[in-house]
């Protein structure tokens, strides 16, 4: 698909994660951003608005996060790739409309720059406490895709990937970043426009009077149209049939909602991505994502030097979760050590997928400073000493 | 119901309504509204003696009268009885979340400024939970038409109090009488910056049609409030009779006063209702200001690297 | 402490689950309900609006769910037991403030009458798809308690219990009911006030100038005070120390926020309530909650008629999840069968806690109805026959799924 060159700032730059995210969105063809100011995501908006004029993109700051996501969904239906950026409290406010986005099968990207703590927390400090919320935050059944970048380069790349996945599966995609990666400044290489792969929207091209908004292709994904193109379609958040009209029976619920879940679950193998380092002979595998994966690698190197056989599994897509790979590794390795900046979220998924074949230890990172890996190293040592598999999640007190 | 009537309503022998294409006799469309309604979904869900049907009739007639490209009209509704209107009108229609159709519509308008956005929803949806979005869209002067059907109650969920319920009226969540003074919707719209504000009752069907047609061609945030009877809840709980009795009440108590100061438009319990066109002014719309700003940027700022 | 006789409308009634819960709240001493009408929970709110003023309880219908939950947290800090009533979409809107309430250790009760979802879904019919959301819906780390009643009588009893747990552990408590139980009309016996145990709020009673709002007692729960008593309280959602003042250093963060999760995790045994039946020699155990557990009874009967040894584990408290119990049962049985009105939520928790020692079979249902007991019986049969250990949650194909996707069911003419 022909990419709009105006959005691609080809070159080698020194950008922060937030700036790279804005550039990634523009490169992917995003032309509508709506947001509400909340640290630590503000720089994404600032960068986007600086570049908006030359690229032909538009930005609107709405009165609260609820209306932000509503506006993004509305704009997406006009054919514009749309995005929003927020943080913990804003993400919580967006939950109802995330459900609407899922039900209307609207492609859009939600970037959550996670920060510390429940409630207002510490707005300027890093956290990874919204990971489970990305999957289960809204009511009802649905499946969602969430990516976790660990560097400004990945912020650029994964934002583009997020747009592609959202167009392919017609589902909102969350980019779960965090305040550390967002404010880190590193080298970012933006390739020429021709080298960037963009997934176009899957449009319906048949007769206008025969358009059925929710008639699904074989892969459970229906075809979209734009407002104003003469289709006179109707969509609703109520449970609906393929015409988009509400029907309040359990058969319709099964017909409408089961494919929402299947369209991701049946394609897990195509969606899931992760990065493994030295896991072939590993006795302990460190599982991490986002900011913590940088420290996992550092600890892995140090542990190897001390003779411990340690590998690293970095999750690129956190949702859907890579059940299969974790189950496979659990049979080979003795233990997993899950490193996250929270009190246990993805570690429960790791426990679920190890099926009792490996110990699962948890390290809450960041207590003593973001780059302090003492707790991680000591957990690796201690879990290696375990003789049998203990049930439940092990947390060593330091 | 006579067979002919059933046929018109699209009900087959087993009693379920069937998908009926537009019926013609001698290739003429039976009813002028048929091409603007999703006839396969008629009969609708509204109760007997509900006024929303009249509001929809006025709206569809206004759509024709305004002579706008109907392919470029998007209608957005929220949740509630009036919120179901989007599902029956044959335009690009959206049935969104409670209180947020204005926000959703803002996204549509900015995403594609060529689309004429109509938000058609109820008093609870637009003024209670959606109150914040109502005042902000008016402040920004987003070019959209808001038709607010005001039946003084939350009807869909069973008759709870609304911020437009008159003082002392009964509702299921104010079983001892409403203690809260209601909003005056034209005043709220006017003071927030709306450029066109009118109020009619469902009795004033022709004037309502003209108002909506005028507002459809107006640039900027326009609000048309439609006072409507709710025979199932509001008038029943308050022992005011059914829809027809309410219409008689409107007939005897509505007073047309064009240009009246919106401050004076409060509605009490069974008091006079002032109707008419109150505000019709010009202000730059949101996209006007935005585009003007864009064109005035002569120098590109250096990007921070 | 016993309930106040003025609050309790003792008697034998024939009422629905929603109304029952409303009466239960008032009996527990709830004096503030902030709500917003949302089907199918409106009857509960209306019951409180009718009876509340007669027992001195205040209610207000706010302009939206965000306003409701905010008013409830505020009222709790004014010293009264408070509650809000909602359903799926409203629950989603309340997420930010629920996290805020959990952070501030504010006791309140949230009644969620689940309906078919996602989004607007099927407002007038049942669902159980908010279960994971009740645990993980808000951002950041926190723990709370969720209860799942299965009858109008339980709606009354467990609403009182919810208030007691909220006061005891100073956290939000969710009553995850569903439309079927909420609109089911059954006999409800409201006992005499002195047969009802009510937990009073634990107020601080030391000198004013020594008060530290977030200094915990031995059980990790700090005593509370209320606005207007001269403590010059400072309450913030920012991460705070014992005085309630915000901190900026990560080191201290763990001391204060870890306690929020520990106070529930370490007191799990006192909070969890389960109803077990015939699990000792069972080959298959049904794990269920809410309305599904009642439907499962019929499925279990049928399976037992076929000679299968079926046990039942009903989760009364769904959160915190009974990890140890599931792990224990997994060792002796062949499989768990989890019927839920969703496409897999608590089934994943059961999978997690079985550690690969038992199969986990999910009997899903989209919502807008309840399970067909035959599906549950067939799933039990399959579970008993399956000899292989299969990793992952096995999704059982129900008759409804076959009807809609394989037999070409016509949704409309």
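First chain written, first letter: the chains are A, B and C, and each begins at residue 1.
The rule is short, and it goes like this: contacts are C-beta pairs under 8 Å (C-beta built on N, C-alpha and C of every residue); 3 or more make two chains touch, one makes a residue touch a chain.
These numbers were taken from a predicted model, which means no experiment stands behind them.
In terms of the distance between Cα centroids, chain A is separated most widely from B. Summarising the inter-chain contacts, the pair of chains with the most C-beta pairs in contact is A-C. Annotation: 38 Å between the Cα-based centres of chain A and chain B. With centres taken as mean Cα positions, chain C sits 28 Å from chain A. Residues of chain C in contact with two or more other chains: 89, 119-120, 412. With touch defined as above, residues shared between interfaces to two or more other chains in chain A number as follows: 66, 96, 100, 236-238, 245.
Looking at chain B, residues 95, 97 sit in touch with two or more other chains.
Those residues of chain B whose C-beta lies close enough to touch chain C in the complex are 12, 16-19, 79, 95, 97-99, 128-129, 131, 154, 156-158, 160-161, 163, 172-176.
Looking at the complex, you find that chain A touches chain C at residues 66, 88-89, 91-93, 95-96, 98-100, 102-104, 114, 116-123, 125, 127, 129-130, 132-133, 135-142, 236-239, 241, 243, 245, 247-258, 260-261, 323, 327, 342-345, 348-349, 351-352, 354-357, 364, 366-370, 391-392. Against chain B, the residues of chain C that register as touching in their complex are 35-39, 42, 45-46, 49-50, 53, 59, 61, 63-65, 89, 119-120, 412-413.
On the side of chain B, the complex with chain A involves touching residues 38, 41, 71-72, 74, 76, 86-87, 90-97, 100, 102-112, 114-115, 132-133, 136, 290, 294, 297, 300-301, 303-305.
Those residues of chain C whose C-beta lies close enough to touch chain A in the complex are 66, 88-89, 91-93, 95-96, 99-100, 102-104, 114, 116-125, 127, 129-130, 132-133, 135-142, 236-239, 246-248, 250-251, 253-254, 257-258, 260-261, 323, 327, 342-345, 348, 351-352, 354-357, 365-369, 391-392, 400-401, 403-405, 409, 411-412.
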